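Each of the next two complexes has chain A plus one other chain: chain B in the first, chain C in the second.
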Partner chain A sequence: MIRLENLTKIYSTGVVGRRGIVAVDSVSFKIKIGEIVSLVGESGSGKTTIGKLILRLIKPTSGKIYFLDREISSYKPLEYYRNVQGVFQDPFSSFNPIYKVDRIFENVNRYLLNLPRSEFWGKVEESLKSVGLNPRDVLGKYPHQMSGGQLQRTLIARALVIGAKFLVADEIISMLDASTRVDVLNILGDLRDSIGLGILFVTHDLSLGYYISDTTVIMYRGSVVEMGDTEKVFKNPVHPYTKMLLEAVPTFKKKWEPSKEMFKIESGSLIFRGGCKYYSRCPFRRDVCKEFDGNLSEVEENHWAACALFGR
Partner chain B sequence: MKEWLKKHDTIYFMLTNKRFVGGMIFIVAMVLIAILGPWLARLELNWYLEESGTKNLDPTANIGIPYSPPSSRHWLGTNSFGQDVFMQLVFGLRSSLLIGIIGGGLATLIGLIVGFVSGYSGGMMDELLMMLTNIMLVIPTMAVLIIIAAYLPYRGVLIESIIIGLTGWPWTARAVRSETLSLKSRDFVHLARISAVKPLRIIFGEIAPNMLSYVFMVFILQFGGSILAAVGLDFIGLGPTRGTSLGLMLQQAVLWNAIQLGMWWWIIPPGAIITAIVAALYTVNTGLDEAFNPKLREM
Partner chain C sequence: MDILKVNDLKVYYKTLRGSVKAIDGVTFTIRKGEVLGIAGESGCGKSTLVNFFVLPKEPMYHAGGSVILEDIDITKLSKNELRKIRYEKISIIPQYSMDALSPTKKIKVIIKDIIREHGKHVDHTLIEERLSMVNLSKKVLDMYPVELSGGMRQRATMVVSTLLNPKVLIADEITSALDVSTQKFVIEMLMGFMDRKIVDSMIFITHDLSILYQIATRVMVLYAGKVVEIGPMEEVIKSPVHPYTKALVYSLPEMNVRFKEKRLKGIPGHPPHLLNPPAGCRFHDRCPVARERCQEEEPPLVKVGEDHYVYCWEVKV
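Right after this comes the complex of A and B.
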């Protein structure tokens, strides 16, 4: 449904934009109808940028994004946003603090749907119920009178009212309590199964990605280092970065112990131009890594990794 | 009423804030004196109007015996020319407040527009506008004011406040720009954009209302700043060539050795009023800060 092709985004900084920061570096992957793809990476890896690019909040430097085999910039805003919607990380900043919660729905009807009032508000109540909210707890309230979980669910309900076919969920549960997290995740899962919603689930938490997604894409400094079926990536990680992430997940029944030598970041050599981006942190680095082009190679069916040492 | 206050809790916190209310009472009193001043001065100088047969009061008219201390005739005495100090004070207050409103308003308006456009549009526009702002910032304002004021053969209160307004905006522009930048990257703006809301509606419907309180505070600071700048100009002799102002009074008093001659009634009132107005404005500002910023609210 969504296809990214060699997507690159360079943010320009400095005086008159002479310096560039490569946020997303030639990324390609696709998301099928009714599929949840989790995009995992540490902060600064470019995962949020990809979400914004798909939502057309920023323009790509090069590369293309296709929605239903048409380039997204060829859609009219109205047409596009009726199909592709997003929910953002911070539920409190997603609402304008000076307006009531109703406003986000009013905007939707005024600009996207243009339905008769009674029909529209009927739909709103219906979708609020479907995400487990009582419309009376939501409508007519100010954002600060509601909890983060309620606000986040309201935002999902907003996407449902619009009838979106694809949802960018950018770290939507990182600001929520542990108890509400699973509820929101389950809502996403239910939506995938009931209406075939495609979801790009951006997260830095591997365990959440594992819980919900069908496909996992792992990013490091703007590039995809490993991707494929969630089961395969988690069972048989190939890239050293993926291995490190999996090691680093704090799990129940595992206590802290002094970090092992191999995962310490070597200072001073963090910026290495050319070759493998992970070179300076990689415990297995060799000279071949310096010439590595970063291309993905197939590990098994539906599982790719970008490591120079794979197969050697 | 209670329901209404609950909804607009900022107004509630504003009205219950001692600093805001205290400062505001003083400012309003000063504004009232400035408005009703000529009438008050009439009350004081009735005898003069009757004797001379004129109808209008002129603050520069020499109407009394020079060097006379405060009395029932001249509430604040006369200066060394025989001008009535109270009447001068009343008219001076008028022009000072006018300069505050026009100069401060102009500086706020320009700063707002420049900051807003530069913050929202970004890119080349932002670079250019910020370059202009920074140039304006590093030029010593007082020197520019002196040069401009010196070139004008006739200077009224209006011209003076426009000059001050045209040079006072850079700080506002920078502050508004950073405020816009931070609001622009909030998620509710993104959410409006993916609801296909038109850009102009986003600016005026989503971003601008969030800045109202901030703009109000900026205006209050600019108001005080303009009054001070005008006093500075007046004091070095580049004030209005006609009429009077608080700064002009101070300049004259110093020029004619009011301190050495022990004429406290000439030099203390204008100085005290300027200080009190600016202090009250800053008090109002801190009060507003507490009302608008929930973290600073007194519990």
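Right after this comes the complex of A and C.
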């Protein structure tokens, strides 16, 4: 459904944009119809940038994104946004606090759908019900009268009214309370199974990704370090970074082991000089890593990793 | 030995429509050498409770009960008396600790101000040692907060908060904005303060039970301004007793569950408004086992294990 091909985004900063920050570095993966792909990484790994690129909020420096086998820049904006929609982290900032919640739906009808009023509001009520909301709790209310979970579900309902086939969900769970998190996740899972919605689930929380996604893509400083079938990536991690992340996830099963000294280096203070990007933090590094090209190699069926030491 | 004894504490907020009962009759103690975790949804009163210990300010006010810190009832102290105790006896790493430092002062000025305010001598080697404990170099002393990254500012705040060796250190949601890998370092640094006896006991607030499980000795679960369950961390997680704690623990996507195999359930409904909290048990309208009695009478305190208590009508021992 969505296919990224050697996608690269360089932000320019500094005086007259002379310094470039490589936010996304030659990333390729695809998302099938009715598939949830979770994009996992620390802050600054480029996961949000990928979401923005797919939503055409920014332009790629190089590389291409295809939606249904057509490059996304070849779609007319309205046509594209009827198919691809996004929901973001902070539900309160997605709404204008001085207008009622209804307005986000009204705008949808005005610009994208142009349906007769009764037909349109019938559709709105239907999609609100499909995300587990009672239309009476939503319509006619102001954003501050609703909880974060309700607002977030309203935004998902908005994407459904439009008839979106693909949803970029950027950290949509992180600001919600534990008691409502699972409900929002379950809605994503249900929509995948019922209408075949494709979802890019951007998160830093591995346990959420494990619960809901079919495929996991792990990013480190703009590059994919490991990806594949969620079960395989979590049960049989190959890249040292993936292993470290999985070990750091707090669970009820076991207590944390003390961190290895090597992991404690600040990630921001590192300068990249070619070779493996994870080199300076990696406890298993060797000389070959300095020349590593960062390409993914197949570990098993449907599971790839980018580590110079794999297979050695 | 108990360092802090909280007895039937009530902390309300003054509003035009009446008092919001944010903390309504909370009783617990903190023992020497332990990490007490406080968990609950947003709006349950976690932050109100600890902010009251450190700086009770308008519109928050004390509506009853006592907080005894080493034989002194801090609810009876004046603002100036409380000022002396703050940082020395009880200290906090606030929720938005990245933004807690004054932007117009260099880090060293902030540090020296606090030391002088408490009439202590400025010990440079001590300051440098503390900075190195949180992985900061002494160069940061000459920098302004804007020159540091968010994580560095948070760690600088950790140093400031613990400089005068407080008996009780409160950490309010300090890990929520961090990546998984950084979360672990920050918590390890925090435990370093405990190991070196710089702080005696700690209150660790988070909505994330799985992080609490890594460090807390005991856990107290709050719901709508009241304690629902308090007990040893291990026991509460492995065998929660109160219906709310159960729902909370079982709603967490642990790394062993997948949507396709087993569907987790959230808690339906939302917490009550605390302007006019419901009678009886405050969880009754969301509770799967609630009966008539729960809507009318306050639930009793039931001992369910060694050091493990719940407030619930439906628990049988």
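What we mean here is this: the second predicted complex is superposed on the first by the 300 of 312 C-alpha atoms of A that agree within 3 Å, B and C clash if a C-alpha of one lies under 4 Å from a C-alpha of the other, contacts with A are read in each partner's own complex, and residues count from 1 in each chain.
Going forward, a residue touches a chain if its C-beta (ideal position, glycine included) is under 8 Å from a C-beta of that chain, and two chains touch if they have at least 3 such contacts.
Computed from a predicted structure; not experimentally measured.
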(Q) After the overlay on chain A, what do you see for chain B versus chain C, clash or fit? (A) fit
Q.
Contact-wise, after the overlay, does A:Val124 reach chain B, chain C, both or neither (first, second, both, neither)?
A. neither
Q. Now for A:Ser94: first (chain B), second (chain C), both, or neither, which partner does it touch?
A. first
(Q) Under the stated touch criterion, which partner chain does A:Cys307 make contact with: chain B (first), chain C (second), both, or neither? (A) neither
Q. Where does A:Ile212 make contact in the superposed view: on chain B (first), on chain C (second), on both, or on neither?
A. second
Q) If you stack the two complexes on chain A, which partner ends up touching A:Met244: first (chain B), second (chain C), both, or neither? A) second
(Q) Applying the document's definition of touch, where does A:Leu197 land relative to chain B and chain C: first, second, both, or neither? (A) neither
Q.
Once both structures sit on chain A, report the angle chain B, chain A, chain C from C-alpha centres, rounded to the nearest 10 degrees.
A. 70
Q: Please indicate which partner A:Ser147 is in contact with in the superposed arrangement: first for chain B, second for chain C, both, or neither.
A: second
**Q.** Per-residue contact with chain A, leading partner among chain C and chain B
**A.** C
Q.
By the touch definition at the top of the document, which applies to A:Ala169: first (chain B), second (chain C), both, or neither?
A. neither
Q | Per-pair minimum CA distance [chain C against chain B, superposed on A] in Å | A | 6
(Q) Show me the residue ranges of chain A that touch chain C in the complex, using the header's touch definition. (A) 42-43, 147, 177-183, 185-186, 189, 204-208, 210-212, 230-231, 234, 244-246, 248-253, 255-256, 258-259, 263-264, 266, 268
Q: State the interface residues of chain C toward chain A in the complex, per the touch definition above.
A: 41-42, 135, 149, 151, 179-185, 187-188, 207-211, 213-214, 237-238, 247-249, 251-260, 263-267, 270
Q: Sort out for me which residues of chain B touch chain A in the complex.
A: 123-124, 127, 186-188, 190-198, 206, 209-210
Q: In the complex, go through chain A and note every residue touching chain B.
A: 15-17, 52, 55-57, 77-78, 81, 84-86, 88-90, 93-98, 104, 107-108, 111-112, 155
